[in-house]
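Two complexes are shown next, each including subunit A; its partner changes from subunit B in the first to subunit C in the second.
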Partner chain A sequence: MSSSVDTQGIDKVRDWILGRHPDRTELAPDVNIIENRLVDSLAFVELVYAIEDASGREIDFDAIDVEDFQSLATIERAFFS
Partner chain B sequence: MVSEVIDRSARFHGILDRLTEKSIDDYYNPYRLFEWPEQLPEDMWWMSPELTTTHGTEIADRLGREQLYALSRQESINFYSLNVHGIRELLVEVVNRIHTKGFETPSEFFHHFIGEENEHMWFFAEFCLRYGNGKMYRQPAVTGGPAPSREVESLLVFARIMIFEELVDHFNSTMAADDRLHETIRAINRIHHQDESRHIAFGRELVQLLFDEVRRTASNTELDDISRYVRRYMTHSFESLYHPQVYRDAGLDNPHEVRRALLESDARARAEETTFRKTSKFLRKTGILR
Partner chain C sequence: MTGAAPLPRIGVDLVPLTRIPELLAPASGPALHRMLTPRERRMSDQAGAAGRLAAKEAVFKLFGAAGQPVPWLATEVLPGPGGRPAVRLTGRAAHLAEQARLGPIDLSISHDAGWAVAVAVAVAAEDPPAARATTPSVSTPTDRRAHS
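Right, the complex of A and B next:
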């Protein structure tokens, strides 16, 4: 039950990223979204809010580890497991 | 070289001398200047209602007076928190450049800028700590931008500083003149507005010079990238006023949904345009915004 909820959460994050890039239809879990500039420094805050909204968890902005935000896989591990 | 452009500009030298002199003449002790009452009354606006993020939206229509006051309270704490952390970030950039190659000429003014910004950071933090239950709101950090060279990097740093200062100044000048607000709130906004008018004048001159230098050698694509980044940065700065934790702390349900609805509202687009009217005009005139 909880895994289906979690999958829905990461799907929302994927949809949010894809929504910003209409030229893309897919985003594999291991694609580095920072290096590929799918999320740049100005969009980062919105990514964090999208994750908060999808996970229902508040993120401590003082303790952000950029490594957690590299790909859908790392986001899922850090915020949806 | 940036320093050559700066040194060639007699106008910039004249302005720097005038602003430095004014900083010395207007110098004050912020630690003694303000009256800090034990508490500020909760049954009044802490931020001009027209500046709050729900103004002119259906969400504001649904809220009672007490909840609107609570929202203005939290939004004011977010506004001063943005100031604290915005100043902290810009100080790092200016401290990194003072007395380094290329910035020899403005370094004298940088001393005043750093000193004054530190004092602003103090009184904004003091406000949050005294009246915001010791809380300061944070935003996920922003660093970098399209920087193919050191010159472009400096241009974007000082453009960001200028945009941030002009955004804040719009709020400061409005709140300083708003007699619905408590005198302590009006005073910190008034003092900040006075100092910032110097910093903004300096920022515009420096940004213009840095851009003239960048434009000499930049490709069309690079200039497009700069324009796009600056435009996005303006929206990004404005959207930092819309903080989900503020809505939650003011007792609103579904804070992320509230934020999304507000960002998509016509009221937000109008407010952003009004706030940056002069900034956009300046940036278009320089050619930074294309």
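Right, the complex of A and C next:
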């Protein structure tokens, strides 16, 4: 079970993604954000920063595993647990 | 006889100029500092930045490495001979190009109606390096520049 801080962190990431898509009001944890083009290759760099900001962790861009960024669920497992 | 013919590869991408201010905003990191090298940023206005981003993505598509993040900073787009753009690969980008067995990469960038578009072309060798004894133009991994 995530702590309240971790929940707040992933919520920030969810809000960041939803902020870029005003037509959406929710984002399920298992939705593939890349395949559904919620984040394109330019926005991916911004997403990394948003996760760094929300998690307080620095992410090595050259060591990224894109699988970790597929969905809110994978992002939460990789960066907020 | 060396076997199958080399394969041409092409990559294309387009970027709206309106994305550049977003990527420069403090709230984004700013993300553009993770995508353009200091040298590229010094020589780029908004259109130049958009053209470079499109060019980097076009080059990335030559690698056949879908699913990996674009090696933005390791793919540097600078002025080449005659004012044509030239691409310089280092680090992970150079490694991906070598894995794809790419020869020299040629690049073209254009702008119109608030968009930047870029096309990248290269030839991927079919034969392993040892069998390409008569091919003189194979680039080294750390310095692949477009030839004018």
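Following the convention adopted for this analysis, the second predicted complex is superposed on the first by the 79 of 81 C-alpha atoms of A that agree within 3 Å, B and C clash if a C-alpha of one lies under 4 Å from a C-alpha of the other, contacts with A are read in each partner's own complex, and residues count from 1 in each chain.
Heads up, the rule we're going with is that a contact is a pair of C-beta atoms (placed from the backbone, for glycine too) under 8 Å apart; a residue touches a chain by one contact, two chains touch by 3 or more.
Since the model is a prediction, treat every value here as computed from it, not as a measurement.
Student: Based on the superposed arrangement, let me know which partner A:Glu58 touches: subunit B (first), subunit C (second), both, or neither?
Tutor: first
Student: Of the partners subunit B and subunit C, which touch A:Val45 in the superposed model: first, second, both, neither?
Tutor: A:Val45 sits against subunit B and subunit C alike.
Student: Hey, what residues of subunit A end up touching subunit B and subunit C alike?
Tutor: Overlap of subunit B and subunit C footprints on subunit A: residues 41-42, 44-45, 48-49, 61-62, 64.
Student: Please give the residue numbers of subunit B that touch subunit A in the complex, ascending.
Tutor: Subunit B reaches subunit A through residues 138-145, 229, 232-233, 236, 239-240, 244-245, 256-257, 259.
Student: In their shared complex, at which residues does subunit C touch subunit A?
Tutor: Contact set of subunit C toward subunit A: 15, 19, 22-23, 28-29, 31, 34-35, 53, 57, 67-73, 91-92.
Student: Sort out for me which residues of subunit A touch subunit C in the complex.
Tutor: 41-42, 44-46, 48-49, 61-62, 64, 66
Student: Would you pull the subunit A residues touching subunit B in the complex into a rising list?
Tutor: Its residues touching subunit B are 41-42, 44-45, 48-49, 52-53, 58-59, 61-62, 64.
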